[in-house]
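Report on the structure given below.
Chain nomenclature is as follows: A, B, C and D, assigned in order of appearance, with residue numbering initiated at 1 for each chain independently.
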Amino acid sequence: MQLGMIGLGRMGANIVRRIVAAGHTAVGCERHPEVITGLSTELGDGFRGSTDLREFLAMLDTPRVVWVMIPAGATGAVIDQLAELLEPGDIVIDGGNSRYHDDIARAAKLDPLGLHYLDIGTSGGVFGRERGFCLMVGGEPEPFRRVEPLLQAIAPGVAAAPRTPGRTGEPGPAEQGYLHCGPAGAGHFVKMVHNGIEYGVMAAYAEGLNILHKADYGNRAASEYSAEETPLENPGYYRYDIDIAQVTEVWRRGSVVASWLLDLTAAQLHADPNLDSFGGRVSDSGEGRWTLDAAVDIGVPAPVLSAALFQRFASRGESGYADKTLSAMREAFGGHHELPGTG
Amino acid sequence: MQLGMIGLGRMGANIVRRIVAAGHTAVGCERHPEVITGLSTELGDGFRGSTDLREFLAMLDTPRVVWVMIPAGATGAVIDQLAELLEPGDIVIDGGNSRYHDDIARAAKLDPLGLHYLDIGTSGGVFGRERGFCLMVGGEPEPFRRVEPLLQAIAPGVAAAPRTPGRTGEPGPAEQGYLHCGPAGAGHFVKMVHNGIEYGVMAAYAEGLNILHKADYGNRAASEYSAEETPLENPGYYRYDIDIAQVTEVWRRGSVVASWLLDLTAAQLHADPNLDSFGGRVSDSGEGRWTLDAAVDIGVPAPVLSAALFQRFASRGESGYADKTLSAMREAFGGHHELPGTG
Amino acid sequence: MQLGMIGLGRMGANIVRRIVAAGHTAVGCERHPEVITGLSTELGDGFRGSTDLREFLAMLDTPRVVWVMIPAGATGAVIDQLAELLEPGDIVIDGGNSRYHDDIARAAKLDPLGLHYLDIGTSGGVFGRERGFCLMVGGEPEPFRRVEPLLQAIAPGVAAAPRTPGRTGEPGPAEQGYLHCGPAGAGHFVKMVHNGIEYGVMAAYAEGLNILHKADYGNRAASEYSAEETPLENPGYYRYDIDIAQVTEVWRRGSVVASWLLDLTAAQLHADPNLDSFGGRVSDSGEGRWTLDAAVDIGVPAPVLSAALFQRFASRGESGYADKTLSAMREAFGGHHELPGTG
Amino acid sequence: MQLGMIGLGRMGANIVRRIVAAGHTAVGCERHPEVITGLSTELGDGFRGSTDLREFLAMLDTPRVVWVMIPAGATGAVIDQLAELLEPGDIVIDGGNSRYHDDIARAAKLDPLGLHYLDIGTSGGVFGRERGFCLMVGGEPEPFRRVEPLLQAIAPGVAAAPRTPGRTGEPGPAEQGYLHCGPAGAGHFVKMVHNGIEYGVMAAYAEGLNILHKADYGNRAASEYSAEETPLENPGYYRYDIDIAQVTEVWRRGSVVASWLLDLTAAQLHADPNLDSFGGRVSDSGEGRWTLDAAVDIGVPAPVLSAALFQRFASRGESGYADKTLSAMREAFGGHHELPGTG
């Protein structure tokens, strides 16, 4: 089967590699010609491409399967172009990080033209090429079924994890690493919540490791406490010098918190035990915010996901004005003046 | 009636002033003689004092009322001294910020000696001299009743607030601003929870004002966004330049969030509209922490009080290691490297 | 001066009463004729009204001032009608709880017609009639200035609170209880954040009082612990039987947490000490949610405001599925089965 | 090598099974004789035991290795007995869920007697027998080294997870699933934080799945909204009927949130898609609480871990009084009465 891919960045290129490795063919569209040349050399007959959208579309067998894998901010304009150039029966896939609201609007716009739209939330990051990508799909059942052979090539496959107890017979799509989640937007909706969970899980590890990091707090002399800190009632309880890299390593085997994120954390801590190469200003992409918006819309408590998101905001200094307000209040009623520049 | 006060710092001196102003007398004990001289000059016949503990105790009528108003860390040693020097029937008051655990232990130790112990949580800060202090008392009923005339002088009195609808007849102690909360420790327990609430209330204002502070976020040009920030979907919704000093002023009259803390905030913002004189590293005293310990012990959810406490920790940089951990994870799975020194 | 009021529910009627009491006149529009009759009887010459919108508009002096005070869901349709019926120079005020997004859209729509739009966030609740309403105004400066005499009648006035230290001279609008916050939407934006703060402040008190409520936890016999509870390490620390109504009363005078909300809480607890008349399923209006949406949009940490909102969701059972998920996980790894129906 | 095990409940028996399967021998002490008989039959020559503590100790080669694996509440008394009966050079291991404070006290007490004490935090739950247990060890290096052969038999071994990139050479203890974390208490300290993280990770999944669970919220008719709920602005965004069991299954392969807890969750949802067999009153053991205590002591922000703990408290109804307080306040200022019994 054939896949057309618009955007051959890291994610797009890796998907193409998995497609070709599985015996399918791919056609690429990308404005940097050297990327196309490079992939052609690497993949041989399985791949060709063009820097021109019309030429790219002409290279595709009809009905076409066109996967758009570009930054979310640029996706809308490309899909508008495709709406004009494609023919009834063609399938457009948005595999990027669009907000699912946009999927609902796009599907409604493409449908009267006879074009099919699938939104595919794609998880796996830089490891996806080898590990396979986890695919969460929204859209109509018919185009989903049509592209299933491609999804099977991109997804990790059933062997990637031990089978869940109780599941028998022929493994279904979910067991192979891809899932039709519902109508338009459902794929990005599930991916959005996935990322919300990811924020919470990451923050849980980060907080716990921070406690281990400061487990030697009782070793400091009384004179080392800053004026802002309450001296410990029992310093003897906090005299541990924990090797956090080793702790994350030991938790990888047999513990309840074993996970892929823990594997990655153990690797990072092995390479940089004090994390000195990191600044600690943590970015957030849209999905964590959108998950919280959704929780608020439908009235679902999300204290952990929101705490994780707000911690990222705060890591970038966004609590500063609030903190100053607290200092101002404390001065007013207690006479404590917390000066600037003492940080 | 006569009050003995050990410690003539700001709080102790102001309590003495209210005592004398109400027609009682006070005897002070304080190692800085100039403080005693100063108060004697200021208060005339109503006050005398000594730098020597034994001399101070000899100046007191028996049975004595000895109020200890010194830093929590020094209180225990002074009470141990008093245990040796006082006589049966005397009353020891700890008006500082001791943990209520200590009150329970001290009362148990003083009781066999025939000495009475009262723990009095004292709120009011630097405004207490004029406004009166709110007094939360723990201990046996008999010594509480004995010192009531003194508490009435220290507390704000019934006129300090409009009477609560439904309360009629002779105003009880709570309406005068002091309350016997229960046995030993109850006063500091209630004061502890009071401070826990205080943290939460302060944080609620601080967060809201921070949102107002950034309500002009949509005015910035796209180029002004840092790489870590998601551009706004609707910048037009965030083009307000809010005068926060005026907002806190207008809320003081008629709004649901009117409070004494809001009064103080409005005053601080009027004096320093951008809060430039504050550093935003916010200290926490023990009470907020102890409140959270208590909530955990007895299984009571305290999401707001804990968020407020943790925000203070974070304002002092204590999230740094956790933030670096998040950066390390993000690099591992997504290839995003968040550098040090880019803050 | 004259005010036209559409909607004579509790809020609208109380505003009209304040207007007339201040020597202005009011014209009302309300579909229940008995309400108009009642107010006419009560207010005499100062008030007349009609059940018909056109007739109501004809009763108003031009340029008209039309205040719409009806449920947010119905406001848009009425403003659309007014857009057709009003004349250039007229002022439309939305005093309800609209989302500020709508204000921006409405002002843009009315402007080409020569109509002015003011959004006025109104705080004060059922006490507003006597206490006055706190008014947060968005819109163009000119119509704001035109209606200022009316706002002065509705607002509490400068005497409602002691003057903020440092403020001198003629009291400005904020000191009188009304404020021009910025262009269209700014009034409802500030009111929205006000309510977000309100949620946080309320939750801070509620959590603290909950801790006091369970301060007797150590009194229970070991056999009284449910299987789900960890027995206390130090039951002797939790043997207080706190009179919460009295505690809230004593905090009203001299304490740092004195506030209008505390006044109300003390009154409720005096009337119903165990709060038995309340079910504890806590509603939330839109403002708390919108505040959180705004915080997320502009990247401001709001851990306290979100915790307060989520506590309300959870009070209505919305954590149930999450809780079951936790039970399912615990069973899977630990063999603990948490049964249904044991609540 | 030989292990003595006091307590042959599920955990103790499974550890013994792994010891014997690895070619070591075990001696058990357990008050239920049928448990000893059963294990003897199952394990043959590798195991014997006694219901009598002295007899059990006599069966052990000296210097003895005595592992105590009984409920935390009973551990102290047994260790006191051992202190009297053991001989210099013997090693006592507490493999249960003791608070690390107790470890510090016990080690200090046993040391002058020439007895060694190791605290071993043990993770793995009901799967430990097959999967191996993750072991976190505190105590002196010498006894740790002595028991390493036993720990290697109990731990999962290096093959249980792919090797961390960058780790080369002979796999160290952490890579085999056991780790010497530091002096007395360090093992239980690290296990405590492990469980704190576990709470946070579990809550992250639970919240996310709860959002998926309510993703069909827009399907309900307006009449189905309760009076407490704000109607949705965009019901069309919430019309997904997500198969949550399938979603957790698809996330197991290739996604960023793949983990052992997710594996378990997928299995539980496959068996009981609506989780109807669970009540949702979630217990908490001591570790989550102690983690929070530690964070508070040393001033580390832990918003996620605390939110996870408080959600469990709330699942058991512990927010009820706080919720009623909120209802009482809302009635007071807004006239909204939230009745009991309407839940």
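Keep in mind that, in the parts below, contacts are C-beta pairs under 8 Å (C-beta built on N, C-alpha and C of every residue); 3 or more make two chains touch, one makes a residue touch a chain.
On a predicted model such as this, the values are computed, not experimentally measured, just so you know.
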item: Furthest chain, CA centroid comparison against subunit B; value: A
item: Centre distance in Å when subunit A and subunit D are each reduced to the mean of their C-alpha atoms; value: 29
item: Distance from subunit D to subunit B - Cα centre to Cα centre, in angstrom; value: 38
item: Residues of subunit D touching at least two other chains; value: 125, 203, 205, 207, 210, 214, 229-230, 256, 261, 267, 284, 289, 297, 299-303, 307, 310-311, 314, 316, 318-319, 322, 333
item: Chain-level touch network, classified as line, ring, star, complete or other; value: complete
item: Touching residues on subunit A, where the partner in the complex is subunit B; value: 10, 73, 125-127, 202-203, 205-207, 209-210, 213-214, 226-231, 261, 264-265, 267-269, 272, 275-286, 289, 303, 307, 311-312, 314-343
item: Touching residues on subunit A, where the partner in the complex is subunit D; value: 100-101, 104, 123-125, 128, 131-136, 155-158, 160-162, 164-167, 172-179, 181-183, 185-186, 189-190, 193-201, 203-205, 207-208, 210-215, 217, 229-230, 232-234, 236-243, 246-247, 249-263, 266-267, 270-271, 291, 294-295, 297-305, 307-308, 310-311
item: In the complex with subunit D, residue positions of subunit B that touch it; value: 256, 284, 289, 292-293, 296-297, 299-303, 306-307, 309-311, 313-314, 316, 318-319, 322, 333
